[in-house]
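Look at the two complexes coming up: chain A is in both, with chain B in one and chain C in the other.
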Partner chain A sequence: MSELSSAAAAANVSGAAPPEAPKLPPRQWAKENLFSSPFSSFLTIATSMVLLVISRALLGFIFNPIRQWNSTATNMQLFFTRAYPDEQYVRVWSSLAAIIILTSVSMAVWRAGSSIPLSRLGRKLLAGAVLLVLLALLAPFSASATIQWTLVAVCVAAIGEGIRRSAGKGEDERSVSSLTVLVVTLAGLVASLWVVPFGHHTYIPSRQPRVLAESGTVALTTKLPWTIMLLIAVAAYLVGRVIRERLPLNPTRVTLLVLWLLAPPVLIYLVLRDPSFDMGHVVSTDLPIFAAYAVGGSLLLSWLTRPSTGEAGRIVAVVILIAGFCTFLTPMRMVVRLDMLLLAVFALAAPTFAGGPRNRKRYVLGWLGVLGVMSWLITAINTPSTVSVPGGFFIGGFSITLMVAVLTLVLSFPLGIALALARTSTMPIFRLLATWFIEFVRGVPLITILIFFSIMVPLFLPRGMHLGEVAAVVIGYVLFSAAYLAENVRGGLQSVTRGQHEAAEAVGMTTAQKTLFIVLPQGLRVAIPPLVGHCIGVFKETSLLAIIGVFDVLYIGRIVIPGQTEFMGSTKENLLFVSVIYWVFAYQMSKASQRLEERTGLGER
Partner chain B sequence: MTTAPTTRERVSQRVPLWRDVIVLKWVTQVALLLVVLGTMWFLASQAGDNLRARNINTEFDFLERPVDIQISEGIDTHPDTGGRALWAAMVNTLRLSISGIFFASILGVVVGLARLSDNWIVRRIATGWVEVLRNVPLLVQMVLIYSALTALPRVGLDTGPVNGWLHISNKGISMPRVFIADGFYQWAVVVLVGVLVAHFVRRHRQAVQDETGAHTSPTLWALGTVAVFGLIGLFIHPIFSWLGPVFDGVADLLGSLPNAVPQVLLAAIVVGLAAIWIHRFISSRRSALGHLSISDDDCFRIAFTAVASLAVVALIARWTGFSAWTLNSGQDLFAVMADKFDVDGAARPFDAMRPDIIQKGRFPNYGTNGLSMSLGFASVFFAVVFYTSAFIGENVRGGILAVPKGQTEAAKAVGLGRGQIIRHVVLPQALRVILPPTGNQYLNLTKNTSLAVAVGMSDMVQVGTTVFNQTGMTLPVVAIWMLFYLSCSLTISVIVNWFNVRMRLVER
Partner chain C sequence: MTDTTPTEPDGGQTRDLSAARDMIVCENVSKWYGDFQALEQVSATIKEQEVVVVLGPSGSGKSTWIRCINHLEVHQEGRIIVDDVELTNDLRNIEQVRSEVGMVFQQFNLFPHLTVRDNVTLAPIWVRKKPRAEAEAEATALLERVGIPEQADKYPGQLSGGQQQRVAIARALAMEPKIMLFDEPTSALDPEMIKEVLDVMKTLALSGMTMMVVTHEMGFAKEVADRIIFMEGGQIVEQGTPQHFFENPTEDRTKLFLSQIL
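What follows is the complex of A and B.
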């Protein structure tokens, strides 16, 4: 009995929030945290002096009248999408809306967000107000500007104090969801677009003077879409809550995950790129190929997944694989070859998923789905785009940073897992090849790989085949990322205990089933924290594309904008802006991963 | 009369060939190997065709041919040949990596300790440092630092924050340089003798400590001995000038030896090393009771070592040029050494020079007297050091937090002092956690110096790019890059692993 209750108590303790440190009155707090010893007092004074000098210099730099901040404001569109045509800009906004809807619905379904006690929120606001006053005093402002900012700080402080007072004490202390705070903040930002006179800046290359700067609020083409985005986000969150209450949880989550996987290629290649499909060609060639593979493949797979098929099925699968390789070496339409290889993969995996009619139907549906998406995408990629962008790739700036990062991660994930499995496999040649590949790639800097691929891939291709520079670079980046990812996954795989392997074998699972259903799910779960770190790394290192000459956000901030005759020598301002963009995204990702670790207790092993 | 089939025979009868797991596994592996090799062959032949079609050859003779490259700094700013240019670039990269690793480690430890400080403001600053630097791409930081440095004042003939001693300008940073002068080698011999004496002093102090239990601080004594010798050596180093004629004699002796002597010696060394390695390897596979268990993998390794050593011996025997080269270079080495000792008795071992500024044409620039770094070097150096210090700081913090509090308390209870606790209890345990990820950071730092290409500093990648743009030799240059960076990575990981093994928990 006592054992049980103590276990319950332990569970209770681990579920509750950690006890907060007792709040001290300010004087005592300062004595303990700033002046606890002579050395500590010296450190406090010295570091605050240094901090004051540095922030004064930084603010002096930012608010220096010779800074050309209007170069950043004017080229905002260039920063995010490069020369994407204005008349088609609705495509960019709708892609963003799609991502926002997916994010909001996922947040609702996975119950993101935590509750923040009102008193803590109030204290944070008060601290923010104090910081604001300090900065306003340090910055080289005119008297009126200083007074303005002080007034703003006083307002913030008043709100904070009000929230703190109304919070209540002890047990019935009220709290607020972090999502509410987020929405209120975002609403404030969007509202400021309508109210505060930021000015209307644009850059029109076809006109003289090319730079347009008007006073007043920002252009309608900026503030209206952002307002709509905010409304969409809130609406999607509410819809997501309804979905969470009404629909069964697991299918919803799986659907959302599939949508997340599909979103990047569909948004990039169908929405943003806008291929002009040649209907005659589609009906005469693409559809028949798809139909043939769909019908033939479905029949074959439904036969292969029948448990009674046995040996013959495996032999057929191997024959298909060999046929796949043969078609790959003969000149033929690329779709046919890729579909054949895909079919071979599905046929080889079929015995693992064999079972009753329900299982078989599911497997065939999976084949049809993957085949359909692949055929559609290949057709779309091979069709010329209607978006006419001068020079280079059809998007640029921050969009291409995100695009390359997402594509690299999505493509390198399966490759990385395969490498990790090969490296931990018992088969020596697999292990050797994987180890060599991984260690080789990890020993070489990314930039040499990128240069190598951007120069050499055109040489490796058979004559008549072309690959854009961005695609070539992405291939190199995928290989690089896969090697690092494989090491992270391997760490996870090694944490799966021997007992799990043995239990799976005792139940009679094949090696493939054991790997797919027992080892990988547990291993990947453990590997989530390092994998998130890897994602942040891949996102940050897309900046290396600038060295190759791809128009990413860094290249635009460093080369393109300072090259405009109106904004000569505005490098520092734009680079500062670029680093702020990167920082905001990477910092949010790392915070999110920390919250994830805390919530699931993953990091504590 | 038929005997009953054994179990093995029955099993092999029951399993047909295409269901035998072993056979299937090997068929799959060989098939994969063939596919990989086939793909590589296919790609290589494509590349060969394409290169031939564009009249690009893939030989390494461009290393000998003249190029037109200017290198931002380092041992040779106007190299004659491609090989020399790559060599100068390699030295630059190594300088950057080694100094970067040194300073990043120091700064990283400071950051890690600051994150654990009792002082609120220090803690917050360290947290801010880590969170900002970790989440902004290194390349962005680098170009930002570069653009900030280009705004420095122009260099003048008599400018600098400390007039004549330290110059910080838009041409880079220049400071006084301490360098080894003519008397250095004689002084080094004095120090070498000092190290020898220190070894015995240390042994003696250690023996006393082991016997009596008194604190005799042997390491401190050894270091002190070396320092004393170094100090005395500054004044008495000419007493070793007699070494010059000795080296001369050795050089003459080496010149008169027949070629067979080094051949036999080298072969004996190679075979001996291989034998020692195999012996050690076998005894390491022996259990405490003397039971030997060797896996197939081990057999392969032993066989490989033996075959490789025999191959090297055969190579030495056949390739007489190599042994002749060893003899010649040995002779040269001793001749050079003799030259080094043949100096004026009053030569100083060290010398220092203040940075100088020369006016070449219209623009003043730094001369070769001071220790100067160009803007590119400075921006790569600072970016890499700051960036890596954030990561190392996190490692240090994690390592110190990983030492259980009970260890410190137990050490206090035994009566150890504060310094002793840190030196003998906390640090060894923390280092065990800190070292492996920090070694990884050193690898990353070395690879990250390749971003110097973005700020125009002449490192391996930048010079390599220029070389292949001028000569069209993409593949050889890329091969040289890969070889260079792989050997750097290998060196660092060997060193870090050596420390790891030394630090490892010795379990029974």
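What follows is the complex of A and C.
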């Protein structure tokens, strides 16, 4: 029963740990769970047979000698960034580095990771070894390959058993941080790039022969950056630990969250796309508009957030909102309209944040920050990319999939929440507008919206304004996604009980305060599962980009690579690879959602 | 005004509040749910520091009335004046009244996603615009007053019913209300927790808070109330001191009600 004590130690709860269900020895466990009755024995055996047949077929497909896996390996760069110019590639790496730094610092600050008992780690490795042996037996390998795989399996098993032995027992059971395991695994993978002869493959359309395939390890341009990325990740994590120890926690976390929100637009427009600003236009038009809104808006908001302003403030806010809608009736610059609507939102929320001079200053600064980001985004969208890539889109492959998905989600969340609030509000105009919008968008196929935005909208745009290539499509995605999101959020909002509304009202909160502090936090928490489902959906729906002529990862795997003369008919291989990429990311999102549910559910129960 | 200072619990019946200021004035208040009339010409005046217990059978309109007083329900006829502010549909009046009237619900209605401390400080910080440090110091003092200073960092779901209801009282008190409304505050509690909540309410009454309490706890009514109002069918049937009410009620319906519950 040493298992029992080690399990209790693993629980690692302060004070007395509750007794855990005793762990059964494998044979007894199998008897109780798999062979408890004749019927369940039959089910177990039948399921195992089916699994066996399926995995044999799959392995037979993967390891069949006629498979052209070369086509996948050779076109790795195409898959991930398409024809992004080699001499500009350092931009791709630096934006990846930025994301990695943010991730590592956040992991340190939020104390990500858990401790895994060594015995469990050992057992997992042993199970992995068993799987490897199964693979070696099932796959149609030559004798020598079978022996090689079995040897690898034996090595893994030996390591696993070694770890299990050294784990210690009872009280002094040793464990290891899951982050250490992660880093060791990654380091192993990176080291394998330097040691294992994966081969050096490249496809260069402009030369003859087009395929460069040398034996040896992968190209230096692959293994060197990845090594640097790993070092950066570790270094950033250590820096994050220092930050966690030295700096006050809450401001650090807020700063990190803001950086995460800013990262997608900054990386896309500054690092990857590098817009060529028409400085004459910026100085003559964009800056004056920004300055006017900055000054006027600040004055207005600092008046609105005075506690003594009262009812007059609400009237002014509503007037601005209506004026904002009216700007769409007359021809004028889109920036002016959007800024007006943004100001209206800030004005409506102003009474909530009213208070002393410090509160008011903070609110005005918030306005300036949001206004600045929005102005810059609009200017950036309106300027062409300086990275010239054949085909017009500045990047392609999996990068564009990720980019469109992230931008869509970041932008459609606020819009979706606003729509949900409007649809549940007591104001009939808002309710009507939101309902119409949602029902209209949900009634139209996504592909129609995308075609509309990529082809029609540029024709309707006023003179002097043109949307950047991906921007038009992203707007279509955002509108579509926001409509669905709004319905998910609305479901969450409706789950907030009447008692919660009444309690908030009874302490004198305004509707805005009630919504912000009571209804939204509870409603969004309930909506986490459908919201994550939605995120996964958006991620996968980016594959529709191919239809309007964007080279996304699916299009490359399905059309581009099988069209290369050297790799005719390699569709199956590449499709399998693409689905693995999609699956890895979607599965991570699902896992993240489970962790999020666990974390946020903590206070409730 | 010396009469209005707190006295012994049983002395509640003897104190003379006739000189005190009117805190709540209801004049011919009527309310309908669709065709059904839930309140019929309810008129009553509640003085400063007075403790009024509202009794009545189920469905008699007690909750409806008490909820009209902070505008959680909207009355259709008559006038309700709270601390010299008349309740109309004007949002500003409603918010002013609500920030002066604390309410405690049968189902506690604590905010489940906030800690006990945040439950108590949220409204003072955002509605009263108090600095956070000040609000937190006051919250600590209030939690001490209701007897659960050690639970400040827990979530409501981790507390017992009695503790939750005391947090709810502290949350209402944090707004420094002039009036406290209680709608059956102990009805959802197990018997052993009722006392701890009633004790808190008793001390509150002794400290001079104006209170309006809907309850089925006759012991509390006898001991703490200055006046008892008996309702049935949306009307006030009878009112008077606990002594009058329990010992020689005049109305037949009151007698019937008392015979059923005592």
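Basically, the second predicted complex is superposed on the first by the 457 of 605 C-alpha atoms of A that agree within 3 Å, B and C clash if a C-alpha of one lies under 4 Å from a C-alpha of the other, contacts with A are read in each partner's own complex, and residues count from 1 in each chain.
Here is the rule we go by: a contact is a pair of C-beta atoms (placed from the backbone, for glycine too) under 8 Å apart; a residue touches a chain by one contact, two chains touch by 3 or more.
Please read these numbers as outputs of a predicted model, since none were measured by experiment.
Q: Using the touch definition from the top, say if A:Gly168 reaches chain B (first), chain C (second), both or neither.
A: neither
Q: Who does A:Ser590 touch here: chain B (first), chain C (second), both, or neither?
A: first
Q: Quick one: is A:Gly369 in contact with chain B, with chain C, with both, or with neither? Answer first, second, both or neither.
A: In the superposed model, A:Gly369 contacts neither chain B nor chain C.
Q: Examine A:Gly499 and indicate which partner it touches, taking first as chain B and second as chain C; both and neither are also allowed.
A: second
Q: With both complexes superposed on chain A, which partner does A:Ile429 reach: first (chain B), second (chain C), both or neither?
A: The answer is first: A:Ile429 touches chain B but not chain C.
Q: Who does A:Glu311 touch here: chain B (first), chain C (second), both, or neither?
A: both
Q: Pick one for A:Pro357: touches chain B only (first), chain C only (second), both, or neither.
A: A:Pro357 contacts neither chain B nor chain C.
Q: Hey, is it chain B or chain C that touches more of chain A?
A: Answer, by number of touched residues of chain A: B.
Q: Would you tell me the residues on chain A in contact with chain B in one complex that are also in contact with chain C in the other?
A: Residues common to the chain A contacts of chain C and of chain B are 311, listed in rising order.
Q: So in the complex, which bits of chain B are touching chain A?
A: 18-19, 25, 28-30, 32-33, 35-36, 43, 46-47, 49-51, 117-122, 125, 131-132, 134-141, 143-144, 147-148, 151, 443, 447-448, 450-451, 453-454, 461, 465, 474-475, 478, 481-482, 485-486, 489-490
Q: What does chain C use to touch chain A in their complex?
A: Residue list for chain C touching chain A: 70, 72, 91-92, 95, 98-99, 101-103, 105, 107, 109-115, 122-123, 126-127, 129, 131, 155, 157-158, 171-172, 175.
Q: Note which residues of chain A are touching chain B in the complex, please.
A: Counting only chain A, the residues touching chain B are 33-34, 36-37, 40, 43-44, 47-48, 51, 311, 315, 325, 427-430, 433, 440, 442-448, 451-452, 455-456, 458-463, 536, 540-541, 543-544, 546-547, 554, 558, 571-572, 575-576, 578-579, 582-583, 586-587, 590.
Q: Given the complex with chain C, which residues does chain A contribute to the contact?
A: 307, 310-311, 352, 354-356, 359, 497, 499-500, 502-510, 513, 517-518, 521-522, 525, 602-605
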